[in-house]
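The following pair of complexes shares a single chain, chain A, combined with chain B in the former and chain C in the latter.
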Partner chain A sequence: MTLLEALTQFAYECNHNDRLQAMNRDWTRRIQLDPDDTHLPHYIISDSGQLSVGAGAVDNPDLLITSSEEILTAVFSGQMTPTEPYNAGDLMVKGRQDDVMRLDILTLLIWGE
Partner chain B sequence: MAQSTLSRVLPLRTAVSTSAGLASAAVNFLAAVEVAEYAGGQSAWLAILVAGILIVFAGANFSELNALFPSAAAIRVWIRRGINDRFSLVSSMVYMLTVVFVIAADAFVLGHTFSRAVPAIPALLWIFVLLALVTWSNSRGIKVAGTVQDSNAFVLLGTLILFSLIALGRTPDLGQFHYFDLGRHWFEAVALGIFIFVGFEWVTPLAEEFQDSRQIPRGMFIALGLIAIAFGLFSLALTVAFPHGHGLVHSFVPQLLVGMRALGPLGFWWMAFITLTTAMTTFNGGLLAASRFVYALARERALPVWFARLNRRLVPQNALMLLAACAFVLAVLVYRTGQYLLLINAGAGVESLMYALSSILVISLRRREPSRPRSFRVFGYPLAPGLVAVLFLGLGVEALLTPTGPSGFPGALVFFLGIVVVMTAYVLAVVPRLKKRRKGEQGVSTPR
Partner chain C sequence: MKQVVSVSLGSHQRDHEAELTILGERVAVSRRGTDGDLDRAAAMIRALDGTVDAIGLGGIDRYLIVRDRRYEIEDARRLAQCATKTPVVDGSGVKNTLERDLVQQLHDEGIIRRSQTVLMVSAMDRFGMAEAFEALGYTLVAGDLIFSSRINYPIGSVDELAELARKLLPELARLPFQQLYPVGEDQITQSDPRFSHYFAQADIVAGDFHYIRRYMPDDLTNKVVITNTTTGGDVDRLEEAGVRLLVTTTPVVRGRSFGTNVIEAALVAVTGFLSDHPDWGQVVRQANLKGTRIALRPSRQESRP
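The block that comes next holds the complex of A and B.
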């Protein structure tokens, strides 16, 4: 699975989950994923909770996530919780902690504990 | 790849106020009295200043570690990368427990302050109501505005500086005192002086919210200077205004006495108000940070998943409630027994040992990850961090060995060792089972 495929699946799960839609109706953010090995950025844009994803960078992101492409793919496909690489220093984030927490909760509610 | 510019970032002011605010707990007033007891009087200010200068070196360690891994997981990441995962878990858990100690100690001070200011209401009721209020607002996802949190730190330190100068100005014949006269227990005074600065480094988990991670060291160093000046002057005013300080030890409200000496009833009530806001921000910041830390540990299956359960406002409710309950029980025990020195000595000991560990981590990570970028490097490597490790190890042991009662029993040491043994047993015996169960579940992971 590629990172883009994982993100597409992640966005699909979010956009078809009523609970997440209600939870994120006030959440409009630009998130950029920077794989530090391939250097091919991807993005997630939340527009009032409706997610869109794609390859490329975004202007003035609210959240920057840096890790290897393998870890990013594993996190957004539910193979790994974000906390594991995060607490190991293998996944670094720049942005507001509220947004980091929100993203973690999204993965929790989609993929379970 | 060009560095992207974040849409929202925190200013240097917030780095200073967060560092100063987290260090400036209400229990610091009592710690200043204890430092004066051991320093033997008016040289307490010097013990606090020396402690502050030593902590600058620990601050340099935290700055390099933060520059290397600017993460909210902070020590969890640094120790894991610098030593190993198990040691990281034990240390992080013990370290986070100091947050509970500080909340309980602040509750003790708050209870005494308000039982003095409003004697009709029992102290334990004050503690319960205020702790419950902060817990409730946290569980509802209500956050204290950054500006309120910011301004409280500056108002507290400004008040201490101003009131101390006024109290000093009102003391006749200042030339009669011995400001440089070091008592027999001056080393203990410096060891306990460490407690005044405890928490200054807890600004590092905010690193992700700063575009330029060099703002964190700048903020920490400015905050250390402000704390040293404010609490140094406060201890000086205390020891000069009340040169026969035995009454201070038993009053539990030295800040009210200095307020009274400076501005009469207005100073008394202003100090009571400042104690209230300081304790509330300690409760709020402490519970917020600790509950998120517990949540993160549960998410990686180092704690039962029960702790990762969220309420409908996306707050880790179970973690929050348990921590608040622990802080309240500890506060009641301390209030009933009067053993607040146990918390101060244990807090000073744990922090000093953590500062020693920060030196070891700097040295270890220079070897393990030599090519990883660092926007800050400690000065005088490797000699300075090596000396700092030895020095803080000595200060930590000294703080833990300092008696917590007239019998000379080192209660803090026993308390600390007990916690370390329990945490180590938990990490060795329980965590592997939790992780194993997780791996078993991963094979059937499907979207919900």
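The block that comes next holds the complex of A and C.
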């Protein structure tokens, strides 16, 4: 699975989940994922909770997530929780703490249990 | 006299010393805040180990007990393991019994009514209280996601609360505690009115006082507040907001209601039992630990000329 495929699946799950839509109805953010090995950025844009994803960079991201492409793919496809690489220092996030926590919660609610 | 120290991640500005009588025995209690500094808290616990009868962990839960599952906060586990001789407890051993019983008592006495709406600012740390409200037929809104993560999503039932806990807590419990809960100076930040409508819609506001203090609006006219760890200043603020009745889940001594960790530590010090002892529930009830009911609005009216 590529990073773009993982992000596409992540956005689909989020956009088709009524509870996540309700949680994120007031959340509009630009998130950039920066693989530190391939240097091929990807993005997630939340527009009032509706997610769109793609390859490339965004202007002035609210959240910048840096890791290897393999880890980013694993996190957004649910094969790995974000906590593990975050606590090991293999995943760096720059942005507001509330946005970081919300993204953690989103991934856990989509892929948790 | 038995000695108990509560090592708290909260602000040192709330430090105090007092004496409690538990099961007829006097217990000296001291609260020491470490301003969110985990290393300082760990050093303090190591220094206290073997020198006092029990240690309470304040400002942090070690266990969140949600229905039949117990989730352990990793930072709290690390702190507790700094003591090898003296028991370290977090209050979860008394919350479930005391707070569940308290809701039932208030209901039985007609102080609260099932037509009233309850806002629990956090319920994963007080699942017994949440279950008691729901079992008695109250409309319950749990604000765990709202007040801990600023996600504007009210949780509407204990079933949903348990489901979210199952999905979130195993992972979130591994994060640095500061990311989950305000510690140190973060506990005394300015109020945040973003979610005041949840307070306005509720008749009863219950749960962690740090969340209540931070998010409460200026007007809480005629509401009942059920919480603990309030100081004299906190009581004044609730009175100014128009709160009708403040119910603390733990006893008030010298104007302060104790954290559940202090109460559990005192019980452990006196009885030698830990919360996994088969007679623990009986011990908690025998201790007859009464919270305090402070009628605020009537007292304010009476004090007027």
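The rule is simple: the second predicted complex is superposed on the first by the 112 of 113 C-alpha atoms of A that agree within 3 Å, B and C clash if a C-alpha of one lies under 4 Å from a C-alpha of the other, contacts with A are read in each partner's own complex, and residues count from 1 in each chain.
The rule is short, and it goes like this: contacts are C-beta pairs under 8 Å (C-beta built on N, C-alpha and C of every residue); 3 or more make two chains touch, one makes a residue touch a chain.
Computed from a predicted structure; not experimentally measured.
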item	value
First, second, both or neither for A:D26, with chain B first and chain C second	second
Touched partner set for A:G78, first chain B, second chain C, both or neither	first
Chain B versus chain C as contact partner of A:I105, first or second or both or neither	both
Touched partner set for A:D34, first chain B, second chain C, both or neither	first
Partner chain in contact with A:D18 - chain B first, chain C second, else both or neither	neither
Superposed model, chain A: greater residue contact from chain B or chain C	B
Intersection of chain A interface sets (partners chain B, chain C)	23, 81-83, 86-87, 97, 100-102, 104-105, 108-109, 112-113
Of chain C, residues touching chain A in the complex	145, 149-153, 164, 166-168, 170-172, 174-175, 179
Residue ranges of chain A in contact with chain C within the complex	19, 22-26, 81-83, 86-87, 97-98, 100-102, 104-105, 108-109, 112-113
Residues of chain A touching chain B in the complex	13, 23, 30, 32, 34, 39, 41, 57-58, 60-62, 64, 78-79, 81-84, 86-89, 92-97, 100-102, 104-105, 108-113
Touching residues (chain side chain B, partner chain A) in the complex	1, 4-8, 69-73, 76-78, 80-81, 85, 205-206, 208-209, 211, 292, 296, 299-300, 305, 308, 310, 314, 442, 445, 447-448
